Amino acid sequence: MSEVLMIDSVLLLLVAATAIAVVEVRSLYAAAMLSGIYSLLMALVWVNMHSMDVAFTEAAVGGGISTILLIGTLVHTEREEKKRKTRVNWGALLVTAMTGAALIYGTLDMPRFGDPNAPIHNLRVPEMVNQTVGMTAGAKGKQPPPVGWTPRQNLELPLGHKQAYAMQRAHATNEARLKEAGEGHGGHGGQKADGHGAEHEAGHDDAHAHPAGDFNGHVPNTVTSLLAAYRGYDTMFETAVIFTAGASLILLLRRRRRPGENLPKQQSANLTDQVILRVMCKLFIPFILIFGLYVISHGEIGPGGGFQGGVILATAFILYGLIFGRPELHRVLPERLTDILAVLGVLLYSGVGVFTMLRGGKFLDYAFLNPASPGDGEPLGMTLVEWGVGITVCTVMITIFNQLAEEESK
Amino acid sequence: MIPFNELITDNLPALVVVLPLLGGLLATLVGRFAWLWSTIITGSVFLLTYTLFTAVQAGPGMRYEFGNWPYLWGIEYRIDLLNAFILLVVSGIAFIATIYAKLSVEDEIPADRHNFFYSVWLLAITGLLGITITGDAFNVYVLLEISSLTIYALIAMGKDRDPRALTASLRYLILGSVGASFILLGIGYLLMVTGTLNMADMHAQLMAMPEATQNRTILVAFAFLLVGLSLKMALFPLHTWLPKAYTYAPSAVTAMVAATATKVGVYMAFRFLFTIFGYKFTFVDMPSYHILIICAAVGIIITGLTAIRQTNAKKLLAYSSVGQIGYIVAGFALANPQGVAGSLVHIFNHAAMKGGMFMALGAVAYRVGGTNMKDLRGLGKRMPLTAGCITAGALGLIGFPMTAGFISKWYLVQGALAGGSWLLAFTILFGSLLAVIYSWKMIEAMYFREPEGKTAEATEAPYMLVLPTMALIGLSIYFGINAEFTAGTALKAAAALLPGGVQ
Amino acid sequence: MAWNEIVCAVLLVVGVLISLTGSLGLLRFPDFYSRLHTAGKTDSLAQLCIFVGLALIDQVTVDGVAYPVDPLIRIKLIMVALLLFFTAPTATHAITKAAMLDGVMPWKKGEPPK
Amino acid sequence: MFLAATFALLVGLLMILVRAVKGPTVYDRILAVNAMGTKTVILVTLLGYVSGRTEFLDMAIVYTLISFITTIAILKFIQKGRLD
Amino acid sequence: MSDVLEIYNYWIYIVLMMVGFYGVMAKRNLIKQAIALGLFQTGIFLFYISMAVVDGGTAPIWMADGATKVPNPLAVPAAFDNPLPHVLMLTAIVVGVSILAVALAIIINIRRAFGTIEYDELTKIEREMEAREAREAAQ
């Protein structure tokens, strides 16, 4: 029995107990705080299962933002649930039990926990982890990154960039695409994608030939390379979801503004009378900001990235708003600015895609960012994209805090 | 830089989704011109989807791989006739609804947030188009959440007119999120057993598995996807979020959402049931036929009966929408060419008819202030064009010859008979009878009652409201008379989905 | 075992024991202020012991493979310890103040525990 | 060694959890959340040592900051009844 | 023992999901429902992340320094945990917090409009409104 499993079994019991407590406790305060604890425990579970980026996000989102959101809601609503005679809703319990039973039935044929032979570990993912997807067969790019590998090695270009460009354009035409349509890659079920299989798949599909010097999503943190390169398109919409949340909150909660008025005059509360708190926060906020920037820019190398870093940056501003009051926060970071920055972040992300399209590549094909050396495009693109995510997330989180804290319009 | 036309032809599938996304983002920055901007964007998106549709009609289909990553590893868009058709419907209706939105939004939404309203509006369209075009299972989930989140917010914007919009929106939010979570769970189960997220690849992996129908994980994945999708498309027992959400949303939102959101839900069901699981798994090995047909048939009858009792015209139409979803689901559950074609045709026809009717009711609300039966009284004299649109739409719901509704009912009944299901054919006809009753309630109020209250002073709605309404209703009549385009496309798309067709 | 590993082990044991004491006190003590007292004080010392202990060792052995610990990590460990040293007491102080202002009364001997 | 320490801390976690559920005053719960935050920081670090990947310490810093800010937010709400 | 533990994770995730699901359906307080919805979603996250674990695997981050054992997935396919579910769940967590934010915004608006966030009371108020409308329509 591995350590992972041992720690896992204890942690998950704690998690389950907390979950039940969250649902059953009557005070909404307590529920909000317990859900914060729940997130912390959950983050421990993720760390234990080596899912560092998820743990990072869960800590920042679940432990921080969600709790602040809940508290911000309690400001405007009640603090206790109404008392009821019947505590147990038998109908709901029955439906729940049936759904649970169905799910348990479904687990019976699953690959066991940690089975290295499960299809998900063998079919498509190995190449993504190796970051050899679509590389020309036989090229030296096929080798895994060397020991002691750092992001900017191996960037010399075997093909002249014009050739590479012409090659990509030739294959990107619709004719090639139409011929391809209808082809399916079947018959690999259960088969281990060893080196040969991978070579075959990568080799036969010339349309995707990434030049051998191409970076091919190579960053030490494979989670980031999947997030920002292979599945970069999903991540763009993830950012759009965040933006949507911000826009929705503005729609639903922002006080009416008369034209030209930036922020209605309002009362506010601050904690500046607490000297220790005030001094400590003044000390901390620069540190948090630097740390947030570090996390955004560090995402390709270690755990972290735009989302996590953005949340950390936002918490610095939220802390400032908590201590010094929201008018002060607005002085530092006007509402208009956060609104615009939230848009600009997503625009930066999608702008990278549009730019590559204008250069003649596919949407978000980072190799076209810098045709002179396609290999450089990958790290550049990923960095830009992460910053886009970071800006949007940071400003939207601040907007959400602002809107939740704002008093009702009279 | 590459020439403009090459940019368009090479990246057509991507642009269909990226353009409204960019438009939605920039809409917050254009200030007072948000409506104009949105109209331009949705108009260009419509042109793009039309180009896409003609390209797909001519050839076998189109694919687009994002970031030039091979589709097995990256995310791809895969367009065949089915989703090109739905894309055309969604973008067309979104365009018309955006034109319509101008006055109704000015009427119902505070002026200081119009730009955010249109931003969210365009993002909702982005989500709906994105679901329809994508070939990646997880991408479906992400875009589903974009479209849902935006639609929750848009519905809640009806709060200034009637606070019940808020409770309706929250109820939709909770049920919708549960549904989306079920879909996410189903995708997870499938990912676990197939190891891939690409829909076509998933299908290939499932086919390669000799004992797929015995694998309990796949069975549960199927069940949860079915439940989640039913929630999203408001199939009968899981439709409870729909009536109130449609009733209390702002008029423009109701028109757009009613015409597109559930339709895209149905499209997702098509994709998951036919493309991922395949005809054989879904309809031969699983009892989906019986489950879906029973839900649909019971839904048609019960919602028809409920609609008759409504006193609010918007709510009446909302219940009728649930019944119409029943027709659509019954059609594809038959899994024969006529049935599936009827289902597809009805997606378009119902979108046009219902969208038009909700727009007409929005015009009524604009002039009269409400959509109760009482407000409709005597409308035939005061607002003849609007009343005419409602009547024409109602005839379509009934399935009157020379309307689009007739065409789809015709195919559906044919499909039911071909499938040997007399009872279903009877139910479809009985549903029409119920539609006659509830439509008559409206028609009677409009033409055979004297106007009273505010209706008495009402005049015809402004052309910015009436013209889009007439456009949609006109479409539904045109395609009732000349169904070559819709029915032809639907038959071709249906043939491709069913066994023997090109996958 | 090298000297640093032994010291680390000792510090870990001490730290964990202190931490456990604190948790036990948080659970068992009769009123808010006494619970605050145990939790606030022990946490700082326990985390200091543990982080300093961890900062001492320069490699970790897992399944017979020795992973070196980056010097940067060891510096960061000290940083985390310092950070906690500032934040934890500040938070405790703020909680106490809030409770005092709110009128939570300390427990006196003989009263039933709250 | 690290594993044993982890388990011991998990026991501590359980005790704190009981206090968080029991209350009785809201301050007890805040205290529990705060203590939980500190314990989590230590546990994250220890888990890194258990798996041999010590470079995940950044997360510990995040936890420190986040639990601090959460505490402040809750306190402000209790004291002032508002967040802005 | 290890037989149980092999699917233990999957069962706990079901427990979490069902606790959340029960909360969504049975709880009558809207904030409680929103929190429970969050729990429900976390259950699914747990399922995905559990799916990613590989025996003896380590975090899917290449070691940038000259560590003695650099995991090489080509040689040993299972040296890394699977990053794909991690990526998917990052997106899902973000979606989850967005949904929570919108839900809470709607709840605040509900409280402002109706003065309550209890489901029962809301239904009662809505029923009364509907009854009033029906009466007016009958005139």
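Think of it as A, B, C, D and E in the order they're written, each chain with its own count starting at 1.
Simple rule for what comes next: a contact is a pair of C-beta atoms (placed from the backbone, for glycine too) under 8 Å apart; a residue touches a chain by one contact, two chains touch by 3 or more.
What you see is a predicted model, and the numbers here were worked out from it, not measured in a lab.
Asker: If you take the chains that touch subunit A and keep only those that also touch subunit B, what is left?
Answerer: Joint contacts, listed by label: E.
Asker: Quick one: how many steps at least from subunit A to subunit C, stepping chain to touching chain?
Answerer: Contact-graph shortest path, subunit A to subunit C, evaluates to 1.
Asker: Which chain maximises the distance between its CA centroid and that of subunit D?
Answerer: Chain B.
Asker: Specify the chain pair with the maximum number of C-beta contact pairs.
Answerer: A-E
Asker: Need the CA-centroid distance for the pair subunit C / subunit E, whole Å please.
Answerer: A distance of 31 Å separates the two centres.
Asker: Whole-Å distance, subunit A centre to subunit E centre, using C-alpha means?
Answerer: For subunit A versus subunit E, the centre distance works out to 15 Å.
Asker: Suppose each chain is reduced to the average of its Cα coordinates; what separation in Å results between subunit A and subunit D?
Answerer: Using C-alpha averages as centres, the distance is 23 Å.
Asker: So what's the Cα centroid distance for subunit D and subunit E, whole Å?
Answerer: Computed value for the inter-centroid distance: 21 Å.
Asker: Spell out, as numbers or ranges, the residues of subunit A touching 2 or more other chains.
Answerer: As it turns out, subunit A has residues touching two or more other chains at 4, 50, 52, 72, 74, 103, 107-108, 110, 118, 120-122, 124-125, 128, 231, 234, 238, 241, 244-245, 248, 252, 277, 284, 302-303, 404.
Asker: Residues of subunit D touching 2+ other chains?
Answerer: 13, 30, 32, 50-53, 55-56, 58, 61, 65, 67-68, 72, 79
Asker: Residues touching two or more other chains, restricted to subunit E: which are they?
Answerer: Expected reply: 21, 51, 56, 58-59, 61, 63, 65, 67, 84-85, 91, 95, 98-99, 102, 106-107, 109.
Asker: Which bits of subunit D are touching subunit C when the two form their complex?
Answerer: Per the stated touch rule, the residues are 1-2, 5, 8-9, 11-13, 15-16, 18-19, 24-25, 27-28, 30-32, 34-35, 38-39, 41-42, 45-46, 49-55, 57-58, 60-61, 64-65, 67-68, 71-72, 75, 78-79.
Asker: What does subunit B use to touch subunit E in their complex?
Answerer: Residues 138, 141-142, 145, 149, 152-153, 156, 159, 163-164, 166-167, 169-170, 173-174, 177-178, 181, 184-185, 188, 191-192, 197, 311-312, 372-374 of subunit B touch subunit E in their complex.
Asker: Would you pull the subunit A residues touching subunit B in the complex into a rising list?
Answerer: Going by the criterion above, the answer is residues 102-103, 105-111, 118-125, 127-128, 133-134, 168, 172-174, 177-178, 180-182, 184-190, 201-202, 205, 208, 210, 229-234, 236-238, 240-241, 243-245, 247-248, 250-252, 254, 256-259, 339-340, 343, 346-347, 350, 353-354, 357-367.
Asker: So in the complex, which bits of subunit A are touching subunit C?
Answerer: Checking each residue of subunit A against subunit C gives 274, 276-277, 280, 283-284.
Asker: Of all residues in subunit B, which touch subunit A in the complex?
Answerer: Residues 1-2, 6-7, 9-11, 14, 18, 21-22, 25-26, 28-29, 55, 59-70, 72-75, 78, 110, 112-113, 116-117, 119-120, 123, 126, 130, 136, 138-139, 142-143, 145-146, 149-150, 152-153, 156-157, 159, 185, 189, 191-196, 200-201, 203-205, 207-209, 215-221, 223-224, 502-503.
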